[in-house]
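Below are two complexes that have chain A in common, paired first with chain B and then with chain C.
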Partner chain A sequence: MATASQRTFVDRFPDEAAVVKANFLVAFVALGIGAFFGLVQTLHRTNIVRVIDSADYYTMLTGHGVLLAIVFTIFFLCGFFHWAIARSLDRPAESKLFSWAWFGLMTTGSALAAIAILGGLVPNLGISADVLFTFYAPLQAHPIFYIGLAMFIVATWLAGADWFLSYRVWRKDHEGERIPLQTFMVLTTMIMWYIATIGVAVSVVFFLIPWSLGLIPSVNPLLTRTLFWYFAHPIVYFWLMPAYMMWYTILPKLSGGRLFSDPLARVVFLLFLLLSTPVGIHHQYLDPGIAEGFKFIAMTNTMFLLLPSLLTAFTAVASMEHGARQRGGEGYFRWLGALPWRDPAFTGMAFAGILFAAGGFSGMINAGMNINYLIHNTLWVPGHFHLTVGTAVALTMMAGSYWLVPQLTGTKLYSRPIGLLQVTMWFIGMVFMSNAMHRAGLAGIPRRTAEPQYQNFDFVTPIGSIFELRVQIALGGTLLFLSVVLFLFNMLLTSLGEESDRPVDEYLPAPLSGAEGSPRILDNLTMWTGIAVLLVILAYTLPVAAIIQNGGGLFGGGLPVPATISAGLDLATTALTGAVNTLVGVIA
Partner chain B sequence: MEIHAYEKLWLALALVLIVGFIGTITYGAAGAGIDMIDDKGGTVDPTTLDDHPKFGDPGIEKTGENQYDVYVVTRQFVFEPGTTQPIRVPEGSTVTFHVTAADVIHGFEVVGTNANTMAIPGQVAEFTVEFDEPGEYGLLCNEYCGSGHHVMEGKLVVMEQSEFDSWYEQQQQEEEN
Partner chain C sequence: MRLTKATSLIIIAISVPIAIELRTVAGFFNIELPLIAVAIIEFLFLGLMFVLYGLYGEKDNSVSP
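Presenting the complex of A and B:
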């Protein structure tokens, strides 16, 4: 073994480690605030402890969604991908300045969006963005919410450019070599992201920003909603891909073995590239204005999207079993006992995988075009995605941090027992909260509402009682919040610890079946990108054309602008509109 | 490409599962005739709903033997009808709902059933429901629509035929006056 691999990541790539740490820092701050909002919400809507007005619930819910599902996950992803590119190509980024530039832009964008959201808690400020994570127009946020979002998206594009640039330079010295697996995963994920974010970029830049500034009077609500889902289903895989990458490339090593199959891993990531985007309409099964045939196509694509996840389940379990047998495990199931259950990084990822299987099953129900009518927009849905993004992704990221962060700080993990307690609390808390949310959804209890009950009717559940469901949700939510506190405490003390020569075993062994056993065409990224774009064009051209034609054109039919914007802003927009008009006049 | 035997088996089972799911849904749509929300409801100008022949005075109207149309306007934070007056339909009837939104996107959910749709400004959601027994259902908005979202609720009452008929007649007379 070369001495280079004996040294820690921070010693080999100090500049990259600094960028990764900065990304993780923003991610963890967002995690802390977002989890706190989650605690307030879980206690409020179950009527257990109420400290806010029900109207403010939606401000906090917007903050919870944006801070956790956008800021935490994507900053973590950027840090993780930056680490993976430097590690797997074994070279530093091409420009330190460029890396800090995208990080800076991303942070500024997030801060603007956060100010717009949190402004909703300050009366008379005139800044708010109580539009939730989905920001469906004609609900309107303050312009800086949309502007911050646009900056954030552009910054992620630049981050991707950073990694593609590293790859291009690497390729010059490595003619004919297979793309290293982690780099392959980063690049395919980013291509998917480029295709997917076109939807939200068009929606925000061409429609929502001009509309929120008063430059155009209205938008076509079904069009902006469709563009949102064009983007927001693939974002699910943008969250998931870093978790999958950890399950493929890190979890086998933590189990004591090595990855089962490199070629299958490549196939899985390519399937996600191809199928993630032409499915967004499955979030719109209940939308009028979209023909049933288009919904059916989206449903079929969605079902095939199960395939890469089912293959991942196989590889993850097979790799763990291989690791357990290397550690002396035997028998059909007894090998499970030979796994390193005392390691929080391993145990957290294993727990995440178990709950992801449950989330996968509830996702199959969501994808079922007809059965979906029973649970659409009920608590079932947050029950589902707290298992997927809220556990498969978030818990894997936290577990992965126990192994990754020491490589960045050069210090040992502060406490493994606390880490173990933390991942276990997350698992138990999520089992309580999520099963109760699923069952509440079946009773018809809606998602995204501040009140536990209504005046005209009572909810009925066939098994147990509504009160029992509420208690489970509140208890689970509280355990999840405490778990985040323990995680952040452990991370803080780890980063403040003493330097260690070799804080963690970073070596990642080669897969059992290597890339050489797979056709080279898998690495032809240009071709796969072409096919992915073609599928998107096939799935979206006709529905979008119909939505524009029937929904009153690109900008809708003169919907009134809601009066949520303060007088001060009106003044600013009037001035800006005037300036634009003058400018247009001058040009004309 | 080198694929392990167990992996091939797993792959085959996964594909069977997927094709099976698609099959059941296709059967549900084509065989069992489960109604989906689509574009058949057409569009409407949300700014002139008050002048619309149907949505201007939304409610129930008889279209045939045991056949009815119900027009519903959703707006922050009421169902018209539904909130101040319940939506009334007779037992044993087939009712086609036409739901639209006047301001922002809303949801229209008959609690505990699969009668559930989005209400989008400019679009009309059309779906047909069969009501057998008399009874009462809750009605709620399941798409966040603003700070009063949680108060947006209502009631749907399935009445006995005779009771409904006298109520419906009275409605017709009031309108004529």
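Presenting the complex of A and C:
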């Protein structure tokens, strides 16, 4: 019979807990550095305090984006998924060595990319990567930046292979059983990631690395942009899906209840698998080399993506209401008061959900082709993604850490009040900053600019003043940085605390509506993967063909021609006819 | 529910975006609210909430997990 101490994750799976902790450690170091860069930027561009050269702003901006949006989120995700697979399959990873191998490769790749970025602050070094998070041509980085990124991506593929291997071995012993929900979520997310990262892998390996090494004289910039966005919209869901996983499987428990519906959660993750990738062109509404028709199709696909997010909102709130009523909550709205608001893990996730709703609405503006023109490349866009990846994802991850880290260290959380102050400070800071960013974007203030202050020109805002918006952004950014400091302080002291037999209640109750009532076809991952690939082929074949033809070939160099749908159609038809003729020739 | 430190913090947090957007809402009706007015309204709101909770708040029925 299991003792109390054996119920803790670190006692049941010590090797896996070590891998998860290592992933979280890298994630939190990246969070600290990235947040510091964020503080420097926010004070610089608002002209409150300028401690760096404006030329170095772009180095810091790249560091902020890469360290937070790639290193922090994905290391956390890998640690969280490793925990979820071991917990939900109730078995350790098949090879400890393999787990450490992908972690080592990811860390090495991240270190190379970070060296290339930080090298920009030391001019004599001759290494820089001031290419921003959106690292497509024509901006060029040092080769080690791209090589580091390639290693990082390959390492995530290996991490996915680790989890698929665990699932395959589990399946042999559990014929006919439904895939445990958390494992299902990990596997569908990773399938989506495999499909999505093909774009960035092709871009980096075949174009950007040879170009940065001088092996090829030029690239087709629009092709590298398109391949980047082919990857960089689904990466949004790669960030979001672990947050959703926490909202579906952990938040209901923290609320005091159970998940409302397991089948609905599966449907949502399948919809993200199908719809995340064939939409990347909606980031390119103002790219002149892509025909309007393709952009319209991308916009339509994007609007379908609202469905799984709305389903999630419904399920998360229904689960929270169920939890509140289990705790004695009553009435139409009074049940909200019965929720465990003193628990930073719960409150952080609830705040993240509230701001994600706001981020969803501003995302609809981004996704609409006509109104996108109003806010494209303005400060509105950072305002939007600081609500989504910067809050829905980052705040959920920090809040989840208050519940997860004690399971890994075997120690109790150092301070719940500090945790509560931290998540609240993040919420308030983000409201100040992102609200002002959205409004500044509507006034036309550009993004990716160190000094958005111009001579003989003043931006005008219909309500308040531009000065107020600047102060709001600086105040919000400062609160966010202080919030990260509190979080890291709490995590550090938690990990140094005394071991406890039961540091946290880690039991996750079964859903109200279980998987047994849902169609088994939901678990047919091969079929869903096939459909996802088909959708990508349908969405991207013609636009990519047109970009190659119009942009002077795979490696550019030719004169661009106006974009038309027929150009892509011509190239695709020619290629198809050639292939059929060859096939007929071989058969004949 | 009795007013606790945690509840106070949550109420403050939730009231901040409402206060910020109060100016936008007023703007729709051509009412230009100065920043100081919003700050005063926010402080008054918080004071009112604390008084109401102190006077009529229910007994705390939440259980820490």
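Assume the second predicted complex is superposed on the first by the 550 of 588 C-alpha atoms of A that agree within 3 Å, B and C clash if a C-alpha of one lies under 4 Å from a C-alpha of the other, contacts with A are read in each partner's own complex, and residues count from 1 in each chain.
What we mean here is this: contacts are C-beta pairs under 8 Å (C-beta built on N, C-alpha and C of every residue); 3 or more make two chains touch, one makes a residue touch a chain.
No experiment lies behind these values; they were computed from the predicted model shown.
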item	value
First (chain B), second (chain C), both or neither touched by A:468	second
Touching partner for A:94 - first (chain B), second (chain C), both, neither	neither
Touching partner for A:15 - first (chain B), second (chain C), both, neither	neither
Touched partner set for A:523, first chain B, second chain C, both or neither	neither
Partner chain(s) touched by A:261 [first = chain B, second = chain C, both, neither]	first
Chain B versus chain C as contact partner of A:448, first or second or both or neither	first
When both partners are placed on the shared chain, which of chain B and chain C touches more of chain A	B
Contacts of A:327 with chain B and chain C, given as first, second, both or neither	second
Chain B versus chain C as contact partner of A:551, first or second or both or neither	first
Residues of chain A at both interfaces, chain B in one complex, chain C in the other	none
Complex contacts: residues of chain A adjacent to chain B	54-55, 57-58, 130, 132, 136-139, 220-222, 225, 260-261, 263-264, 284-292, 295-296, 299-300, 303-304, 306-307, 310-311, 314-315, 318, 364, 367-370, 373-374, 376-378, 443-444, 446-451, 454-460, 513, 517-519, 546, 550-552, 556-560, 562
In the complex, chain B residues that touch chain A	1-4, 6-7, 10-11, 14-15, 17-18, 21-22, 24-25, 28-29, 34, 36-39, 41-43, 45-47, 99, 103-105, 107, 109, 111-126, 136-151, 153-155
Chain A-touching residues of chain C, taken from the complex the two chains share	1, 4-7, 9-10, 12-13, 16-17, 20-21, 23-24, 27, 32, 35, 58, 61-65
Contact set on chain A toward chain C in their complex	254, 256, 327-328, 337-343, 346-347, 351, 417, 420-421, 424, 427-428, 431-432, 435, 462-464, 468, 472, 505
